[in-house]
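Please read the structure below before turning to the comments.
Letters A, B and C mark the chains as written, and numbering starts fresh at 1 in each.
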């Protein structure tokens, strides 16, 4: 009996050691082009809500973390291929993504997407709507049967409204809000409830890392520090 | 960078600009020019090596090798470089890790592909999981060089293959008459002589290579176009000390000048090289030079 | 579950707005990927064919202008060729879109901001510059004897150019021009990476390939399919241009024709 217990302990220890060895450095993958969630600051470093959040999570989970940026289009293939260990890039938890990777619990609640237009009284149903290609917003507009015009980057979608290519742009409210009031751009009252909350993406085989991050997020939720961060960066509503 | 940059809002125009242009982000931008130049400098000889291998294989007397050489040239040339770049780097990375995994962890029992995940043992990871960031970046850079070299190597192979065929038969036959073996003819006559015929094609290839560098961001290398877009995009005062509107046009203008200047310098260099190689050759150009000299 | 034939009927012409409006959203089959990416190839073909057809004439004019003794003709042609050959297509797309947007704000030709018109113009100008350089090189390589013989027959000016110089130039330039055509078709793949937006999910082949790569999170299926289509396209271009080449050289004795083929590998 004693022997058995000892061997389980050794096995547990060995598993823990293997985990510690493979995750002596956790590489955090982000996009770096989506303020206020994540962006490159003047010093050329990753900054924003998710930078602060990620550093805090790593501190609480006692992990050493390192930040890397990756194109949005290939951010999931590079995670499953093992080029970094997490995706922390404002990624909404959706069923399709959940089939391929795992998500921790959400760190921001589901938030509506908003429209930004030049005319506050615009009726979006008959209008030309701009969206970033391959986003949940683009899929939503296509589904409604409205005229969709897609651009590769979020920046260009807002430009399209400014110069009249599109009547409105549909995107995350937090992304559009800083533009409202500039050059006559206004947020419309109408908003759409699409997408879930935002979570950290990890490989499906990486259960221990997921558990560690989950616990850290829970502890930040519990002591209110997560809400404080969300308010500081104005990324979403609070818990 | 400068002392007075602590509060950019209060500065005059010139000072503001000097602060703006020396932020860490701009330093990354300038650094990326160097990255691109170094990448070109390494890729060109590597691609030439691949090209040489491909051309030699395509001329080989050994049929499977010949098929391999010809297939390499035909397939890679038939596909737009962008289509390759979109999946090739991940594929190469997985291939390397798979090979290392086979060697380093022979008694690993778990499957390597678990659903969507690609998992090799820790020791086989490239670079090792706990390696510092610069190692990761260097490895990414190396993968980009390799991808570029494989794609442009196929074009180079095509050029060199043509050039080898274009060396006058009489020169090769003369060498044989002197009693050189097949290998000697190849090394001493064919290879030195073919460069003249290959040069127009290779110079063209170099120009195309230069102009393919904006696709580097697809390979995970933060190149000059990536930073120009990043820096030029309008940015809100919440996220920077230097808010500005859409300035991409100015950054791209800078890139345009860079590319045009680089092309011009390359053209001049190739002109010189052509003149040196043409010297003393039994071609129209060589004849013209001989006449001009006498 | 649709059968493959039904999928082809629903999505075969999706890229030009005919068929099912909504793109597939789950259970992505190989058949769907082949069909939609193939459907997108319609636009790649359109860009390539129109650009080659129009660019051919512009290139001929530019080549003559570059070879002209008049510096008011020569200098602009030289600069045009230098700028378009010396800068990446990516950057040309960016500037073109910016320019067309500014024009649109003044109400001038607003339709230019669509990829089908704007990106096409960039591709035409781009291939014109590359082909002009090839034609110019060939023009200088036209044998002196041909021109002298034409003079002896009393041909001069336009008839001499049309009947003697131009056909010879074309014959000399053809192998290199074939390569340019291949490169141009490859360049059409860049359109969806340019600043030009995609309207109503009617995109080119790369647009649909990246759509599937994004939805399935697996780049190893859609991009090789795209590559497969382009290999087919390249082989077709080589076959057609090879046939024209034989037609152009049909008056030559056999061994000299052989020589022509070798040049193909030399210049771009």
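We adopt the following convention: contacts are C-beta pairs under 8 Å (C-beta built on N, C-alpha and C of every residue); 3 or more make two chains touch, one makes a residue touch a chain.
Given the structure is predicted, the values throughout are model-derived calculations rather than measurements.
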I'd like the most central chain, judged by C-alpha centroids against the all-protein C-alpha centroid. B
Chain pair, B-C or A-B, that carries the greater number of C-beta contacts: B-C
Could you grab the centroid distance between subunit A and subunit C? Build each centroid from C-alpha atoms only and quote it in angstrom. 40
Indicate the whole-number Å distance between the mean C-alpha point of subunit B and the mean C-alpha point of subunit C. 23
Just give me the whole-number Å value for how far the CA centre of subunit A lies from that of subunit B. 33
By the touch rule stated above, which residues of subunit B touch at least two different other chains? 86, 90, 116
When you check subunit A against every other chain, which residues touch at least two of them? 74, 77, 80, 100-101
Spell out, as numbers or ranges, the residues of subunit C touching 2 or more other chains. 193, 210, 213, 217-219
Interfacial residue positions of subunit A with respect to subunit B in the complex: 18, 21-25, 27, 32-33, 35-36, 39-45, 47-48, 66, 68-71, 74, 77-78, 80-83, 100-101, 153, 155, 159, 178-179, 203-205
Of subunit C, residues touching subunit B in the complex: 82-83, 85-91, 94-95, 98, 182-183, 185-187, 189-190, 193, 206, 209-210, 213, 217-220, 223-224, 226-227, 230-231, 234-235, 262-268
Subunit C-facing residues of subunit A, complex: 73-74, 76-77, 80, 96-97, 100-101, 130, 133-134, 139, 142-143, 145, 147-152, 156, 160, 163-165
Per the touch rule above, subunit B residues touching subunit C in the complex are 75, 77-84, 86-87, 90-91, 116, 158-159, 161-163, 165-166, 197-198, 200-201, 204-205, 207-208, 210-215, 225, 248-249, 252, 255-256, 259-260, 263-264
Name, in rising order, each residue of subunit B that touches subunit A in their complex. 23-25, 27-28, 86, 90, 93-94, 97, 114-120, 122, 125, 129-131, 133, 136, 217-218, 220, 222, 229-230, 233-236, 238-242, 246
